[in-house]
Structures are given as C-alpha cells and as structure tokens.
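First chain written, first letter: the chains are A, B, C, D and E, and each begins at residue 1.
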Amino acid sequence: MASVLGWASAALVLVGAFFFLAGTVGLLRFPDVYNRLHALTKADNVGLGFVVLGLILQAGSLLSAFKILLIWLLVLASGATAAHLVATAALRGGIKPWKHR
Amino acid sequence: MPELYLGVATFLLLNIMVGLIRILRGPTPPDRMLTAQLFGTTGVAILLLLASALSLPALTDVALVLALLGAVATVAFVLRAWHKPDLDGEEE
Amino acid sequence: MGLIGSNWLVVPIVLPLATATLAMLVGRRSAPYLGLLTASGILLSVAAIGLTVLEEGTIRYQLGGWEAPLGINLYADGLAVFMLLMTAIVGAAVSAYAVGYFTSRQDESGRVAGDSGDRSGSFWVLWMFLWASLNGLFLSADAFNLYVTLEIMGLSAAGLVTLERRQSALSSGMRYLFVTLLGSLAYLMGVALLYGALGALDLATLGELMYPGAATWSALALITLGMALKTGLFPLHFWMPAAYSNAISPASALLAGLVGKASFYLLLRLWFDVFDGGLGPGPGQVLGLLGAAAIVWGAVMAVRQRRLKRLLAYSSVSQIGYLFVLFSLATTASWGFDAWSGGVYHAFSHACAKAAMFMSAGAIVRSVGHDDLDRMQGVGQQMPLAVAGFALGGVTLMGLPPTGGFTAKWLLVSASLESGQWWIAVVLLAGGVLAALYVLRFLNPALIQVKVGPVARPATQNLEVTAFVLAFGSFFLALLSAPLLALLRIGTPFASVLLVGTP
Amino acid sequence: MSPVTFYLLSSVGIFVVCLYGLIVHAHLIRKILALNMMGSAVFLLLTGVARRGELTDPVPHAMVLTGIVVAVSATAFALAVARRLYEECGRAYLPEEDPEDLSEEREG
Amino acid sequence: MLSLFFDAVLALALPLLAWRVLTTRDLYRAVILFIAFGLLVALSWARLDAPDIALAEAAIGAGLTGALFLNTVGGLVGRKRSPSRESDESREVAERREAIQSSPGEPVDEVMRPWWVRLALTVPILALGLALGWAVVSFPEPAIDLAQQASDNLEASGVDHGVTAVLLNFRSYDTLLEIGVLLLAVVAVWSLDLGRVRGGQAALSKGLPVLHGLVRLLTPIMIIVGGYLLWAGAKQPGGAFQAGAVLGALGVLLVLSGLVRPPLSDGSGLRIGLAVGFAVFLGIGTAVMLATGELLNYPPASTYGLIIIIELFLTVSIALTLAALFVTAPPRKEQGSKEHSEEKGEES
C-alpha cells in the first residue's frame, strides 16, 4: 500500500514539475506581457497543484495536509490577482497586445 | 522518496535561474515583475518539497508566509512604482 | 552595596530609553524638561558607579542572570566609567544648550522655515536614544551587543544631522548614514569571523581564546577599518566636514564631541582587551602613522577654511589624529600606560572643548546671521561670553598648561620620548602650534576693537552660558588629573603600571 | 567541501561584490540595495557558522533575526532620506564635492 | 549528492545575482532582481536549517523590503521634477539622464565613479575577498560550543524552542535594544517631515476591486497566521518577529490597496501603539530587576507567562512600526477627522 502511495505521489510531483517547466518555457518564448501571464498562471495553479497533491498523499497528519492545501489556494488567489493587476497596468501603461503579422 | 523531492526541488531552482533571463531581457518592467511573481510561486513549491525531503515541518510555515506575501511586491509595483511617464496619476 | 548597588550600572541605559519613549508620546512642550531630568539622573548614576568602581574595582553585571559566554554582561572598569563621565558632562551641557536653542527659535518662528514637524520633539527623542546607545556601548562587554548599540548610535546621529532639512544637511546626513551603516556592517562581519573562529561573543572570553590566525587577522582588519571610518581617521574622514558643519549646532556638538569618541573607544577596547595589542606590532604603527598624518593635514586644512563651522570640523579631523597616535605607542612597556591614558584623556578634553566650541559657534552664527570668517570683525564685543568660550576651548586644543589638553599631551609626549619614537613628539607639538593658528584665525578678527552696533538678533543668554561653562570645565580636567588617572588605572590592560608620579 | 562551506564562500562573495558596488555606484538606491545585500551576506556567514556542528546553534540565529530587523529599520530610514533629498534637490545622487554652501548660512 | 548540487547552484547564484543587481542599467530591473535575491536568500536559510530566519526573511523580505524599494523608486521616477529648484550641476545630470532614457518609465542611471577609481578599488577589495575566503574556509573547531550550553539551559529558559529562548531570555537585552531601533527608525523617518511628499499615486484606480477582494480575503487569514506564528513561537520556529512581520505586511497591503487611508489615524493612538511593545518590554525588564536583582532576569516561576506577555505586545508594535515605516508620512496633527482605521493593532 505504502509503495503505491509513494509512486503515486512521485508521479504527481513529476507532473507538477513538468508544468513548472512549461510555465518557464512559456515565459521565455511568448512574445508579450499578456501571453506570459498565461504561462505564469499555468505554473501557479496546475504546476503547484500537482506538487501539492503529491505532497498531500505523503503528508503525515491531517493538519499538515490541510495546511498544504491552504497554501495552494492562497497562491491561486494572489497569483490571479497579481496577474490581473499587471495586465491592467500594462494595458493602461500603453503596452499594445501582440498581433500576429 | 526524499531523494526524488530534492531532485525536483533542484529542478525548480534551475527553473528560477532560467527565469532570471526574462528579468534581464524583459523589455518592459511588467515583464520583470511577473517573473518575480513566478519566482514566488516556485519558491513556495521548493519550500514544500524541502519540508518533506528534509523532514523540517517548519518549512511549511515558511511556504505559508511566502504564499501570503508573494503578491505584496507585485501590488506595490503596480500601484506605487510603475507609472506611465506622462500619466500623473489621478488622485485616488 | 546592597541590592541597589550593582543595579546602578543599568540606570544610564534604561533611564534615557524610558525618557525617549515618554518623549515620543508626550510631544514637544515637555520633552526638554524630560531631557534635563534624564541628564541629572544620568549624572547622578554615573557618579555612583564611579564611586563604586573606585572603591571596589571593576563591576561585572550579568544581564538576565546568565553567565558570560551564553548571556550578555555589562562591565564597568576605569575606562568605561571615564567615558561615561565624559558623555554625562558633555551631554548635560548640550541638553541645557538645546533647551535654549529650540525655545528661542519658537518665539521668532516667522524667520524659520515652516516648522510643521515638531523638530524639537524629534530632537529630544533622537538625543535620548543616542545617549542610551552611548552609555550602552561604554558598558557592554558583548561583541554583538556592541553592534546593536553602534546601529542605534548611527541611526540617531544621522537623524540628528538630517533634522536640519536644508539640502546640504540632507546630503551630508545621507553620506553620514552610509558611512555609519558601512562601518557597523564591517564591524559585524568582524564579529561573525570571531564567532566562527572562537565560538564566543563575550569580550573577556574572546580575549582569552585569541590567537593570530586568518580569521582573527581579517576580523581585526575589518573592525579597524569600520571604526576608523566611523571615527573619521585621516584617509576616511571625507564625510566629517560636511556632516559637522551642516547640522544644527547641538547636533554638531554631539557628533563632534561624543559620537566620534564612541567608535574610537570601541576600537581601543577591542584592540587591547580582545586582540591583545593588535595581534602584533605592525597594525599599531600603521594607525599611529595615519594619526600623525591626520594631525598635520587636518590642521592645515582648518587654517584654509573660510567658514567657522567648517574650520571646527577640520579641527576635529586633526584632533582625532591625537587619539590614534597612541596605538603605535601603547605597548606593554613601562610607557604603555602613559600613552594609553594620554590618548583617553585627550578624548575627554577634546570632547569638552570641541562641543563647547561648536555650541559657541552656533550661538555666534545665530546672532550674527552668517558664519563667514572674513566678516567676523568685532564679534568679541558683541558676544563676549561666546567668544570667551570659544577661546577657552581653543586653549584646550592647543594643549596649553592649565587645561586637560595639556595633561593629555604631556602623557603622550613623555610616552613617545621614552619609547624612542621622538618624531611623534615633534608631530604632537607641531599640532599644538597649528591648532593655535586656526583658533586665532577666528579670534583675531573677533577680538579687534572696532565700533560695532548691537548684534542682528541677540541669542538667548542660555546658549552662551552653557558653551562657556563647558569650555571652562576642561580646566577642572587638569586639576582633577590625579584622581581621574587613578580611576583609569582600574582594570587597565597595562598591568605593568608603576605608580610613577605623573602630574 | 561540506555544503555549509558553499554558503560561507557565497557570503564572502556577496560581501565583496556589494562593497565594491556600494563605493562605485553613485545612485542612492543602488547604494542602499548594496548595503542591504551586504547585511544578508553577513547573516549568511553567521547562519553557515551555526550549521557546522551536528547541533544547530541557536545563538547566531538570534543574532541574524536581530540583524534583519535592524537592517529593515536602517533601510527604511535611508530610503526616506533619499526620498526627501530627491524632493529637495531633484537628484538621487550625492553631490560629488562638499557643497561649499556659501548661501546665507542661517543657523537652522 | 543531489543536495550538494542544490547548494552549489544556490550558493553560486547569490553572488552573481548580487553583481547583476548592482550593475543593471536601470532601477526597476535592479529592484526586481533584488526581490529575487531576497527569495533565494530565504531558500538558503531553509537549506541551512534556519526556519526562524527563513520565516522572518520571507515576511520582511518579500512583504516589506521589496514594497519599500518599489515605493521609493516610484516616488523618484514617477513625477517630473520641476527643474526650477535644481542647481545647474544637477540639471546637467538630469539632462544626461533624460537623453539616454530608453523605454518609458525606465530611469537609466549608470553614473559611476571614473574608471581609474574603479580600477584602484578592485585591488584592495579583491585582496579582502581572498583573505575572507581563506579565513572562512580555514575555520578551526571553536573552543566554546554555545549550542551545547544553550540546549543545556533550555528548560530553565521557560520556552522549548532554542531560538526563542536565546532571543527572549538568554540574550533578551539585545532584543530590547533592537525593538528600540525599530522605534528610533519611525521617529527618525517622521522627523524628516515627509508628510508634504506625495506618495506615488495609484497608477490605476480602475483595476482595484479585484485587489480589494483579495485583501479582504487575506486580512483574516493573515491575522490568524500571525496569531499562530506568535503562539507557536514557544515550541517551534515562530515568535514575535515573524508574527509582527506578517501583520506588518498586512498593514502594507491595507495601505497599498487604499482600504486604510495613509497616514494612519493621527494623534496619540498610533504613537501609543508603536511605543507599547518597547515600553512593556522595558517595564517588565526593570520590574523583574527589583525582584531578582538583575535586569531582564525573570523569576523562574513566571518566566513563560512574562515572555508570552512581552511577545504579544512586541507583535503589535512591530506590525504597526513596519506598516508606519512603509507609509513614511507622520500622522497629521491638524487633521481633525478620525480616519477609519481598523489597523490590526486595535483588533488583535
């Protein structure tokens, strides 16, 4: 039983890591601010989500599992707000969204 | 298992290093700021992984605080730091 | 001496901290009276500590009840009490001066730029924090605790400089803040290296475990650099003229008189108690050389200044040189104690003299409206007491016989002759002559008998009186040199001291 | 080369880089940044020293905590002075030569 | 083996990042790199088994220092300075800066010392670096093991967590002076009379409802986390500083988002809140002196109780101080209106 749980959490954490990689690659490759924001939030919710899921399986007590879940929710909330604010500021700051020519 | 978590933590650290390029190259300040925001999230992930890899439960609290305060710098940047040069900013 | 006995040691630190908190809450009107109350309280407690040390020798006080390596100790020996006495006397004089300084500015507030913030309220809070950090620094026997007191001292001194909100004061305050923060950081790095190498923070324990190694040599270098920067030793004095001349005169008096001496004291304490003589002869010689160069260079620059307060600032650069000369003289040989006590004695007399001169300069500049040396004709007639105070301070700087400056110079010169480094004696005496030059640079025009009308804005008597009293005080330094030197003998690192009859 | 030594050397590296940067760069904000990072460097050294033995030493940790709070106070004050200096003279640099302030020296 | 690689990457990245922070062309990049530097330092605290410091660094570094720098840079760059009051020398520098301004809002300020100064400087600094490097590598085994002494006296200290014991009992005098530094910093900043200096305006007032929503969500959570950290300080990493820093960052968020109008409520309410921590600590320290003969020597029976009382008031004062340092404007004296200020100080 323990090894199945172990493997499952390992797999989840690796998937999470993959999404972080996707986020970073997106950050470097995308042409302008607004696309990069998508990459950023991908790494946030999905990448961290899988890592958190993997860790919850291994979490000792219920309290620490709940704490890790809370951390994920907080990151979701503040990440989304930050992305929204940056996008609004960039738009007002005169940065034109990228158009495929 | 801890060995794997440490490996993933190292991988995420390398992610941050690569992300630094965007801060250096990013044409506009908002690019840089959102990269810093991404670092915050990656930092939280690394801390959580270290917490279970090194069996240091206190690092979860550190991750909790970092998650809470990750957005403060971005908010400060957007509201206080980055103005469009001629926009004098209407009084709130 | 009963329960209260050893607790006297804590009063000079706790009292100003309590007053600072109270002054912050209570606001501008009653802050000066709180300040004066604290000044008298500290004078009383320092006197009590002095008597206890004279009778029973050094006092060691375990804070929080934990013994040395783990807990923090306060340690009062002759040197510490001597410095506490200096701070108490100069501090009390500056407090009295500041009461007159700020109240007299309230009534003619029309001329003073809109004083929206209550500057005098901030002055007293900053000054109380500074006083607490000075007393804390002189009494503390723990390396990291000294860092925290250094930081409080640096921040409050920088706050005092920037209290004068004109551009020149703000930029010199900014530069001073960088200097003091860099000095404290260098000191902290030194402490970290010492902790890494020896594993303890208590000065006495560090002294016992000390051995010349890579970590301890780097620690010595960093701490010396940091403290030389904060004291303003010759090549690192770039920040001093601007900071001393642009600040308000109570702040200049405090900075020139006390703050510079505290970082010198810290270097002295670590040099002899922890690094037992600088880990070897070399470093002491270097410091002595820089000190000698400072004496000459500072005095030459002082003579060339066109403004009164800048003249005093460069005079400080020169007088600081006297303090650092002792590092090349004070070895374990018989003249070691003479050199060491001479340097410390000079610190005390210079503190009194320079603070008094800055205070009288402040009174003069306020009344005459400018501090341009070329237009000071006949000031002596208009403000006799202030110019007299300035002259008395000048006499002490020159080191003429009846003053404390003479005692210090006598000790230093006799030590340099005994040790065979006669060139130091030559520089010391030349310094005295140069000091006469720049003091007369102001006194000559001031004492000319020329018909002058009443002064533009008569300053309150309080300013001139306190300046004169403090300057006059340095004469007592000469009269009381025997008991004061006996006080210095208690706990001095120069055990091989013979009760040779010094004046 | 135990892991702690990496961090000790890294702290020396930061200290030296920031000392150079503090002296060379004229802009006030860069100087304050340099001071801040020098503080972190010293704290890194202290924490590295604490980790050498098998029992992590709490005394340097307390020192670093105190240092962090002192550093944030000093930084806040330095930034405030820089802000005030900028308001007063429109420049975020220290004047190179001492301002021979010959303007009417009114005793402030 | 892998952890060695993690440390190597982190330890190598820090000096290089520090170098980049100082040598980048413009201020925004420098400050944002500095924020990344702060995060990496927090990770190194975590690696060096120092969770207390990681907590404080995360709270103060991420929460406050970054916001302080960005606020100041915003103040410096945002508004065009009226050239009338600048002396001629500074106008020339301003022109030079305007001329090489690259993209909007990016101040370029590569004003450095002349090349020969830089060259003359590198030799001594490199020598210092080598000497420090050699000293650090060749640290001997220290003669005194304070770690052992601290753990031996732990049970007498009234708390179970080593760092809190050292902070609030063994070396409580340091902590007392350090709280004094915080109070001093606020007074010094207020003495600069920054009240007339306009804070950087909100560049956008449209996108705020989302932020208000977030702040309203975060406020209760941060107060609970602050309380948790304060309470947990006795047994595990946490304590007054970390709790105060988190609540201070909450204050910063409240001020930034405009829910609490700066300056905070005027009059003595804020001043009492700022000074209460230091006053209580000093008061208890001197009170126990009369009982046990030494300053800050708590009577063994009530050690834990006294420490908790002190920590509670310290948290309130640290939080208020850090928020007040961010606002940098002293409470206006003449302003009659009592601002609505549900500053956490009054609540917790």
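One rule holds in what follows: a contact is a pair of C-beta atoms (placed from the backbone, for glycine too) under 8 Å apart; a residue touches a chain by one contact, two chains touch by 3 or more.
All values reported here derive from a predicted model rather than from experimental measurement.
J.: Which sets of chains still touch one another once chain D is disregarded?
T.: one piece
J.: Provide the labels of all chains in contact with chain A and in contact with chain C.
T.: The shared contacts of chain A and chain C, listed by label, come to E.
J.: What is the identifier of the chain with the smallest separation between its Cα mean and the overall Cα mean?
T.: Going by the distance between chain centres and the overall C-alpha centre, it is D.
J.: Decide which interface, D-E or B-E, involves more C-beta pairs in contact, and give its chain pair.
T.: D-E
J.: Express in whole angstrom the distance between the two chain centres, defined as the mean CA positions of chain B and chain D.
T.: Using C-alpha averages as centres, the distance is 23 Å.
J.: Where the centres are mean C-alpha positions, what is the separation of chain A from chain D, in Å?
T.: So the centre of chain A lies 34 Å away from the centre of chain D.
J.: Please work out the Cα centroid separation of chain A and chain B, and write it as a whole number of Å.
T.: Each chain's C-alpha centroid was found; their separation is 11 Å.
J.: Which chain B residues touch at least two other chains?
T.: 28, 33, 35, 57, 64, 68, 70-71, 75, 78-79, 82, 84, 87
J.: Enumerate the residues of chain E that touch no fewer than two other chains.
T.: Only 3, 10, 31, 47, 49, 52, 64, 73, 75, 104-105, 128, 132, 136, 139, 145-146, 150, 170-171, 174, 178, 181, 184-185, 188, 192-193, 196, 203-204, 207, 211, 214, 218, 221 qualify.
J.: Among the residues of chain A, pick out those that touch two or more other chains and give their numbers.
T.: Only 74, 78, 81, 85, 88-89, 92-94 qualify.
J.: Go ahead and list every pair of chains that touch.
T.: Going through each pair of chains, those in contact are A-B, A-E, B-E, C-D, C-E, D-E.
J.: In the complex formed with chain A, which residues of chain B make contact?
T.: Result: residues 1, 4-5, 8, 11-12, 15, 18-19, 21-22, 28, 30-31, 33-35, 37-38, 41-42, 44-45, 48-49, 52, 57, 60, 63-64, 67-68, 70-71, 74-75, 78-79, 82, 84, 87 of chain B touch chain A.
J.: Mind pulling up the chain C residues that touch chain D in the complex?
T.: 70, 111-112, 144, 147-148, 151, 154-155, 158-159, 162, 164-175, 177-178, 181-182, 185, 188-189, 192-193, 195-196, 201, 241-242, 246, 248-249, 307, 309, 362, 365-366, 369-372
J.: Which bits of chain B are touching chain E when the two form their complex?
T.: Residue positions touching the partner: 3, 6-7, 9-10, 13-14, 16-17, 20, 23-24, 27-29, 32-33, 35-36, 39-40, 43, 46-47, 50, 54, 56-59, 61-62, 64-66, 68-73, 75-85, 87-92.
J.: In the complex, go through chain D and note every residue touching chain C.
T.: 15, 22, 28, 31, 35, 38-39, 41-42, 45-46, 49, 59-60, 63, 66-67, 70, 73-74, 77-78, 81-82, 84-85, 88-89, 94-95, 98-99, 101-102, 104-108
J.: Can you check the complex and tell me which residues of chain A touch chain E?
T.: Touch residues, chain A against chain E: 74, 77-78, 81, 84-85, 88-89, 92-94.
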